[in-house]
Amino acid sequence: MNQRCAVIGIGQTHHKAKREDVSIAGMVREAARAALDDAGMDYGDIDAVVIGKAPDMFEGIMMPEHYLAGALGAVGKPMLRVHTAGSVGGSTAIVAAHLVATGIHKRVLTVAFEKQSDSDAMWALSVPQPFAAPLLAGAGGYFAPIIRAYINRSGAPNDVGMKVAVKDRLHALKNPYAHLQLPDIDLKMVEESIMLWDPLHYLESCPSSDGAAAMVIAAEDVATAQEKSTGRSAAWIHGMAMRSEPTMFAGRNQINPQAGRDCAKDVFAQAGVTNPRKELDCAEVYVPFSWYEPMWLENLGFCDEGDGWKLTDSGATSLDGGDIPWNCSGGVLSSNPIGASGMLRFLEAALQVRGMAGEHQVADASKALGHAYGGGSQFFAMWVVGSDRPA
Amino acid sequence: MSDALEIQEPVTMLSTPIRLNYDFTAGVAQSRSLRGYAEGRFVGQRCPVCKKVYVPSRGSCPVDAVPTKEEVVLPNTATVTTFCVVNVPFAGQSIEIPYITASILLDGADITFMGLIQGIPADEVRMGLRVEAVWVPKEELGPTLASVKYFQPTGEPDREISTFREHL
Amino acid sequence: MAEPTEVYTSAHVLEYPYSRSVGPVIGAFLTGLREGKIVGIRGENGRVIVPPTEYDPETGAETSGFVDVGPGGVIETWAWVEHPRDDAPRSTPFAWALVRLDGADTALLHVVDAASKDEVTTGARVTAHFLDEGERQGRIQDLCCFQLEETS
Amino acid sequence: MSTAPQPKQGTRPVAIVSFAQAPTQRRIEQANEVELLMPVIGEVYAQANMTKDDVDFVCSGSTDYLIGGPFSFVTALDAVGVWPPKRESHVEMDAAWALYESWVQLQEGDLDVALIYGFGKSSLGDLQRILALQLDPYTMAPLWPDQVSLAALQAQAMIDKGLATEEDFAGVASRSRRDAMNNPNAQVANDLDVATLLKEEYIASPLRRHCVPPLSDGAAAMILVAGDRAFDVVDRPAWITGIDHRIEAHAFGVRDLATSPSTTKAAHIAGVGEGDVDVAEIHAPFAHQEILLASALGLSSTTALNPSGGPLAANPLMAGGLIRFGEAANRIMDGTASRAVAHATSGPILQQNLVAVLEAAS
């Protein structure tokens, strides 16, 4: 990064199965308005807008950034639309941050959203394609076989996934924005939920949500002034990285993809993190299916390969007494407006280091990871944010 | 204005059906695999650089980014590398649930593709299971992977998982 | 080298009955159409925006205060279509037009019904023509077209 | 020894060093997206004497609605060979904006080489109907307005304001298709005079058939190099000395359709007016839009407009804007121009516009 930059405004909607009270513009503006208010700004103060979302077929609007230009106060400004599959919320934040880190703009509004209830997520992700056998059954159908291979390879007990499902929903109870609020959640409830994609139970899978996320990313002078005037720290960006690899190729490690490992290595090197479990206070990691917590613990280097399930099993990733809480917000397992899910991870990491996470705050959090992945576990976006400005 | 109109609820929802017609083209490489299906056989391609066999072929090696031209006919026999039991209903679904989808590694191929498993109780399907393709009757064969009705067990001993670890 | 291959093509239909929540502002517009009237909203500097949006389309500022506009208006620009597409709102020749309704400061995209191209001009006055009450459902098609006002 | 000119935006000089495109056709049936892209990407590597291992960043532009399925950019990656894993991104925009994102990345200073590509096949679907899905989903899209009619609204607004005539539109089309006769990648090339063109029927008045771009299948790729390393690749790199993009309101009834304030603003920020412009490649799919945009860009009569034939000769969606950048860069690289303007547009009737100034080193 050429210049320091920081998140100074954060906003999100209350994520729900159906936001039937708003238009798409209305929903996106809730998040944008909240982020601007947090930053003490108005649309007129923003230099550029970067928007991200997953496939346009969810809402049936081709390149909806055109329709949303006015809603986001982008008229007369640069506006970019990012689409990198499930990782898009993270990639979008990174593209926005680069616009500031390079000195091109000082105040960038970045927004990600999905209004999945306008159509049906399972349909949109499994649109039957010519010549293909109609076997694809949503994201779960794609990831469940990989999870099975992980369980086999690691020798993990069968209930580790269910433990993640319970833990993240317990976290969600502390987050008023989270979609799923299941006060009675326990292992039994998960186990008794329908086995949708064996080995994945219904409650081990992410919901389909409507929702939006927004952040204002600002240059150092703007962020410093805001810190002084509000008395709150900004979330300084210590590192950001993206990596991609092909969906399918001979010899591909689908369980522990190289692109994820490379991306983590890069972002931690930038942030000066050598032992993420020790040096980070928490992480918001894209876990749409329960077993991806242990899988990503290994992929991101929080433990050795094969040991991820042990961390989860020991409670290390729980906000309740764990040494490295993952997904204190409830994570993707509790709220999943797909295009925004990655940005929510980035945003929640920023909330934590600003001490603004409310009931799901990790005490004195000063450094956190935001992570997103997409496609066939092939697109990765990550950032590390901290309460102190980087050296 | 009539009373009836005045008590009508405000409009909150709008139905906007969208239908688009496409004329999809499979391209050259994929068409060769598709023609294979129409003939009741698996046709893949070998990368001239890494020598790996891709089936079905998309015309390129995703690692070396070079065109794949050399054709390889592959047998009906395969190994289940991993699988899941699908038990979720959704719009547009055409197979009755529950069904088993598996990553199928054809003998001689270096890449898996997704296939339907039948002829075995769901709880007996396992990683390493040996299977063979069952094609639809000859007169129903067509240029689509749907020409493969399903894969069923061959009865051979399972393959050790360690022997296909690099395909997971 | 393999011999040239027949390339397979296939019809592919992408179809979904999208169901959209419209929110209070577009909802008011569609509710108005169902009642046979056109509603705008005040944006920044009090200008009246039609169709109404939750935001001023140029500044992003909140809008507030619904205003009835029309049913008369003026053609700001237009395009005559002699051979309508299958999915066009009309099957006989018509004009697409931007119509600035009386009382509005922005123009609405819709169609003008006219017997021939020669009848349509920029600046011509038109009046909104709605479907019959029983046919209106709260959608933009409830306003079936604009018709040229008789010149006096 | 040449030195890279200091850019107006950013701090690091970045240049286009190689560009390739697939010959545009009405329908390329023999190739899927990967097969369409692979030769093009192979050619940009060959021109630059590079391999995929030289590339630090990959960025593409495409849209799912052209193919009618989600994630079309994902399968296209197979043509690139992102292995070992690479820094990679995608915009659901014309690939000219992928160039913009790449240019931003290269400003960071730790990466030097970017590969950009875009692809689009209009032949797979009914483009007029598909593009209606770009419109406000509540009050415009349900009427299914087609893009030719929408463009005609703009052309009529220009006529009403006295900014152009139907003869002027025909003049643009006549010149473009004549110039295209020298462009092997063009799809529509012919030598027809204005009088002949004016005898054509209207599709949506005041636009006749010649005012409308062809439906095209195509793809394009480009390599950007930052810093003096560009001189190692090509004698005359096309340095991006200014670049900016802006968007306008979506509702047509809010805009003054006869002007393009977003283009004017972007051109000002990119510094278009700060020197003579030898050549401009303008992403004006419709004939009247070239007149509108040339004016908005502030170009003088000495600038050669769309010598490639422009979008009226070949108009592959999602690659068309990047092709303007490539054609303009080619004029710099082949020595026929020393200062060029490249323009790309996105969205219904010029809602969003990107402008860059390309220069040779002095």
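Each chain gets a letter, A, B, C and D, in the order it is written, and its residues are counted from 1.
Note that contacts are C-beta pairs under 8 Å (C-beta built on N, C-alpha and C of every residue); 3 or more make two chains touch, one makes a residue touch a chain.
Since the structure is predicted, the reported quantities are computational estimates derived from the model, not experimental observations.
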| item | value |
| --- | --- |
| Centroid-based (C-alpha) most distant chain relative to chain B | C |
| Pair of chains whose C-beta contact count is the highest in the structure | A-D |
| Gap in Å, rounded to a whole number, between the CA centres of chain C and chain A | 38 |
| Centroid distance [mean C-alpha coordinates] between chain C and chain B, Å | 44 |
| Separation of mean Cα positions, chain B and chain A [Å, integer] | 29 |
| Cα-centroid distance, chain A relative to chain D, in whole angstrom | 33 |
| Where chain D touches two or more other chains, by residue | 29-30, 65, 68-69, 75, 77-78, 81-83, 129-130, 133, 136-138, 141-142, 249-251, 254 |
| Junction residues of chain A - those touching two or more other chains | 20-21, 23-24, 57, 59-60, 70, 74-76, 120, 123-124, 127, 129-131, 246-247, 249 |
| Residues of chain C whose C-beta touches two or more other chains | 7-12, 14, 16, 18-22, 24, 26, 30, 53, 57-58, 139 |
| Contact graph of the chains (line, ring, star, complete, other) | complete |
| Residues of chain A defined as touching chain C within the complex | 18-26, 29, 43-44, 57, 59-60, 70-76, 117-120, 123-124, 127, 129-131 |
| Complex interface listing, chain C residues touching chain A | 8, 10-12, 14, 16, 18-26, 53-61 |
| Chain D to chain A touching residues, read off their complex | 9-11, 58, 63-65, 68-71, 73-75, 77-78, 81-93, 97, 100-101, 104-105, 107-109, 130-131, 133-138, 141, 244-251, 254, 261-262, 265, 346-348, 351-352 |
| Of all residues in chain B, those that touch chain A in their complex | 12-13, 16, 18, 24, 26, 30, 34, 50, 52-54, 61-63, 81-88, 90-95, 101-103, 110-112, 114-116, 122, 127, 143-146, 148, 161, 165-168 |
| Chain D residues touching chain C - in the complex, by the definition given at the top | 29-30, 68-69, 128-129, 132, 136-140, 142-146, 149-150, 152-157, 160, 201-202, 204-207, 249-254, 257 |
